[in-house]
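Starting off with a structure, shown below.
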Amino acid sequence: MRHLTYYQAVREALWQALEADPRVFLLGEDIATYGGVYKVTEGLLERFGPDRVIDTPISENAIIGAATGAAIAGMRPIAEIQFADFIASGFDPLVNMTSTIHYRWGQPVPMVLRAPAGATWASAGPFHSQSMEAWFAQIPGLKVVMPATPADAKGLLTAAIRDPNPVIVLEQKYLYRRMTGPVPEGEHVVPIGEAQVAREGRDATIVAWGTMAFKSLQAAEILAAEGIDVEVVDLRSIVPWDRETVLASVAKTGRVAVVYEAHRTAGFGAEVAATIAEEAFQALDAPILRLAGLDTPIPAHPVLEAEYLPDEHKVVEAVRGLVGF
Amino acid sequence: MSLTDEHRRQLYYYMRLSRAVEDAAWALNNQGRMVGRLYTGHGQEAIPVGAAYALEPEDVIAPMYRDMGAHLVRGVDPVEVFAQFMGKRDSSNMGKDSGLHIGDMSRGIVGMISVLPDSLPVALGVALAFKIRKEPRVALTTFGDGSTSTGAFHEAVNMAAVLQVPLVLVCENNGWALSTPNAREYAAANLVDKAVGYGIPGRHVDGNDVEAVHAAVSEAAALARAGGGPTLIECRTMRMRGHSNIDPADYVPPEMLAEWAERDPIHRYRARIEAAGLWDAEREAGLEAELQERIDQAIHQAEAMPEPEPEDVHVGVFAE
Amino acid sequence: MRHLTYYQAVREALWQALEADPRVFLLGEDIATYGGVYKVTEGLLERFGPDRVIDTPISENAIIGAATGAAIAGMRPIAEIQFADFIASGFDPLVNMTSTIHYRWGQPVPMVLRAPAGATWASAGPFHSQSMEAWFAQIPGLKVVMPATPADAKGLLTAAIRDPNPVIVLEQKYLYRRMTGPVPEGEHVVPIGEAQVAREGRDATIVAWGTMAFKSLQAAEILAAEGIDVEVVDLRSIVPWDRETVLASVAKTGRVAVVYEAHRTAGFGAEVAATIAEEAFQALDAPILRLAGLDTPIPAHPVLEAEYLPDEHKVVEAVRGLVGF
Amino acid sequence: MSLTDEHRRQLYYYMRLSRAVEDAAWALNNQGRMVGRLYTGHGQEAIPVGAAYALEPEDVIAPMYRDMGAHLVRGVDPVEVFAQFMGKRDSSNMGKDSGLHIGDMSRGIVGMISVLPDSLPVALGVALAFKIRKEPRVALTTFGDGSTSTGAFHEAVNMAAVLQVPLVLVCENNGWALSTPNAREYAAANLVDKAVGYGIPGRHVDGNDVEAVHAAVSEAAALARAGGGPTLIECRTMRMRGHSNIDPADYVPPEMLAEWAERDPIHRYRARIEAAGLWDAEREAGLEAELQERIDQAIHQAEAMPEPEPEDVHVGVFAE
């Protein structure tokens, strides 16, 4: 199969959706003329014109509100927030208006909110590095996906565009240009809510998502060389999340590490761990381990950033402890 | 659209119906027969009625919580209103939300939420959809004076102006945001001065004159429909009751209420259509009886509707 | 000791702080002339004047930003957000600016953000009922407290006002006029970060906070009549939270239910459960149980609201199951 | 304050120093010797220098990322700037944040964050503190044209106007918000038209004329200090480089750059002070040498400072 880089896979999903469905349009800051700060939307203005690829003022609240309005008026808007951190500036419409419309009056809101999220291991600092999936997971009515491969970047975005609900796609900016992989050329849909067993193993389970799934697979290779055989479950979707696949893996291995990049406290990994504690209590041979970002802002200096972030080496160390328990 | 005699009688009718429904709801609420509080548009009826009446059926309105009249003009039946207020299972919100948060895109009504003024950016999006599809439709949204202090207002109006979408922005300036008077909400001489900063037309209208509101909105809608972008219309009025039915509003100077009582939009309009020979005591008596009956029946009907069942709570978080 | 209602205890803390410290002032919507929508700030304008009790326009973002600015300029602002739900409209300054100032440039931000939070069991509906402590717990740099008694309402607010950090006080609007209790007259400080064993017991531990601590104590009485002796730990502070007291209780009872009012998924109870799963694995005799609000918006109709909310009867039922495990 | 000869030479000095520091940083950044990207105020130096120079030491400034000159005027040494840019342990941000996010209340500088324009409501709060304490101090904040589209801008400016706090609002309108030109940011003829809607004085100033900026800010600060509330000053300028050092900015028409290059604030001001007999080639040569040495030394000193240690990450989330 043909290989694409992660950001190219995102662009392909957008391109194909714009081709296939006249209701689809894009809006966001600097996405048209500039092609987006990560050049993900480059070329789309030229192909689809300014009515379907719309540059907006710096107005995250209005971008999210407008996408919501266009969605209920029959369009399939795809809004980009330039960095996921800035969703905080449009937080209210998202969590109070967009997320509750269907529950309150039965009106579907088929919109997508895309945003580059997560750290870069390149000093992007406290306001261009955050992973805030836990905020959205607290809000009923929002779906959330975090693709960890180019194929999933295309497939989950495509699923998001077709979903009748608001879906937040937290694209992993670390992977945009670092990860290349096979991506189906034509229609490619990855169902929202299905985890992927990215690697099978017997000794322990790692549950991870986004960049941490990528790092965990690297860790698994290192561990394999030591004779430790870990299973890596890439969650892919945060809301809804695939409890069955996770619980089945834990039932098999009896040991689990939950690895996430967001701040440890009240991160989504807490939900995963709590669920396992509730549902798989008797299958566990060791305490559930969480490895996560620190409870500090995400610092800029590489020395500090490295200390903040979980990476393959920290995963390896954690899993060694887990297996030795 | 210029108003025929029949139109003018209808404007009067809708204002009267709006007030009758709200008066009945006031009583119901005090009797504990409603879910949640009541926020009325008593004294402001000319704005939602005049504004909604200026729209075409295929237009969309995103009204605020005092806009009973706008709902009625769009075809919402008083039964639906009372069912909604009672949180009935088959009401617009199915008991999940309360108040005048009725939403129904098939009739072009965006359901509001409590957070102010969150329908405004949504209305911008509706208008954007019309623009993209090149449909000759407009979106209209109403909001209070207090709501113009929010970032949501600013971002949405500015973006609407930049994108030149067909949006009509109707501010119901009733002098107060809960207990906060205009002077502590904005420092400009007139709220409509904000239009200058957005580079859009601004209109200042007597919000207690239903025909003036209708004319201003008609003009703004025509401009928007023709690709001329948004207009900000400030309708000056007065909140004649407390913020909600539990607010005694003793912070409002009694003189102010007395002064505005003179300008009641319904009384004024009745005088006007009577002077024009379109209305008389007999018609009034007939209307009175009709409204009474319609309201009584509607309450009856609504009250007979089923309550939500506990399991309903789980239904509908996501669309299938 | 003299008894006060919860909201009176809040007012007394404000009053005494305004008396004691000229740097203290209040700002918020309708707090001055009107005395606040729950009349918590009634009388303060008359006593302290319009320079220290300030009505603002409807501008949650600017209220939070202005409190932050006044704090770094040497004041001790206490901002009120009329309903905690509307913090979403001022989310960005709080989570990005206010919370990171000290970490990034060493400047303390001694401000308090008060807001009535939680459901009312009286149809306040989706936008006047939320409990969002988990959002803030995800943000390093914000302290969060949720008093469950009049004494704590006064003592934690006083501690918050004196703290050199931004502290969010999620006052429990359900308790404002429903709960009366002894409150010390003079200075009364409850240290932030210390849980309270609100009831001692042997058979199981309930960890709860805010209104759910109140309801859990009611449940404990019912359970006691059945011969089930539960310990109730009222967390009081969410950030930082008192892991030691919780873990000690779990070590003692071996069974734990975490009860919270917020949406279940990714609620703060997930953090508590995950921590217990990690730290007290071997002390557990039963799976960690979570009882929480549903993953739906909080509905208005009493029938639906009752279904959404945990209450003393649901707690009783859950604990019966836990003890019978 | 009227400008003496010495003041005028200082204005020139600070603009030159600002550009020299930024030029050096540009080179450092391209060599990978900085943490994070670089956003310069090249071509806009007259605004932060003129504005900061108009303040009293006890005033507070909340600058934006292009305001090197404002920091220098407030007494930040180039060593501190380079240390900050390198993320050194003893820099303002201790390596935890990057860019010109220097904060130091002892010198009246509010540290900005990336989210736009979050210093604006903070500056409002600083001004509010001054007002409450009845101190004759003002807060000043600068922000880009693009930032005026945000809700944060609107809420803060409106509240400042309503509360009449001593705040000076300086918009550095450089024509662009990243790739977005003014015409797609706002629809008003002039950005300063927004002042009308806020009911505050608005001033439109040539942002490439340091004395004009200084005069406008002095006047606004005097008004604010006297209890006259906020003023919005639009300083018209041009962003002469890319948004950051990695943006080639090929969306900017070359003619536009050429036209503005003619109006470079430093070259213009040098001509002006030369014409006034305050400056000459000899002084210029001396300054050149002095700057060169100062910058070289500063970089050296900064580079010798220790990097953060891994454990530092844990320090300082909360104040004790």
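Residue numbering begins at 1 within each chain, and the chains themselves are lettered A, B, C and D in the order written.
Just so it is clear, contacts are C-beta pairs under 8 Å (C-beta built on N, C-alpha and C of every residue); 3 or more make two chains touch, one makes a residue touch a chain.
Everything numeric here is computed off the predicted structure, so don't read it as measured data.
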Chain D reached from chain B - shortest hop count over touching chains: 1
Partner chains shared by chain C and chain D (touch criterion as defined above): A, B
Reference chain C; chain at largest CA-centroid distance: D
Pair joined by more contacting C-beta pairs (B-C or A-B): A-B
Centre distance in Å when chain A and chain D are each reduced to the mean of their C-alpha atoms: 36
Whole-Å separation of chain centres (CA-atom averages), chain A against chain C: 30
Cα-centroid distance, chain A relative to chain B, in whole angstrom: 40
Sites on chain C at which at least two other chains make contact: 56-57, 59-61, 85-86, 88-89, 92, 96, 100, 103-104, 126-127, 140-141, 294-297
Interface hub residues of chain B, defined as touching at least two other chains: 93, 96-97, 113-115, 149-152, 155, 158-159, 162, 184-186, 317
Arrangement of touching chains [line / ring / star / complete / other]: complete
Footprint of chain C on chain D - complex, ascending: 60, 92-94, 96-97, 101-105, 110-111, 113-115, 118-133, 139, 151-152, 155-156, 158-159, 162-163, 316-320
List of chain D residues in touch with chain A within their complex: 35-36, 87, 93, 95-99, 113-116, 146-147, 149-152, 177-180, 184-186, 251, 307-314, 317
Partner chain C, residues of chain A touching it in the complex: 85-86, 88-89, 91-92, 95-96, 99-100, 103-104, 126-127, 132, 134-135, 137-141, 239, 262-263, 265-271, 273-279, 281-282, 284, 286-290, 294-297
Residue ranges of chain A in contact with chain D within the complex: 29-30, 33-34, 37, 55, 57-61, 85-86, 88-89, 123-128, 294-297, 299-304, 306-308
Residue numbers on chain A that touch chain B, as the complex places them: 25, 27, 51-52, 54, 56-57, 59-75, 77, 92-93, 96-97, 100-110, 140-141, 143, 164-165
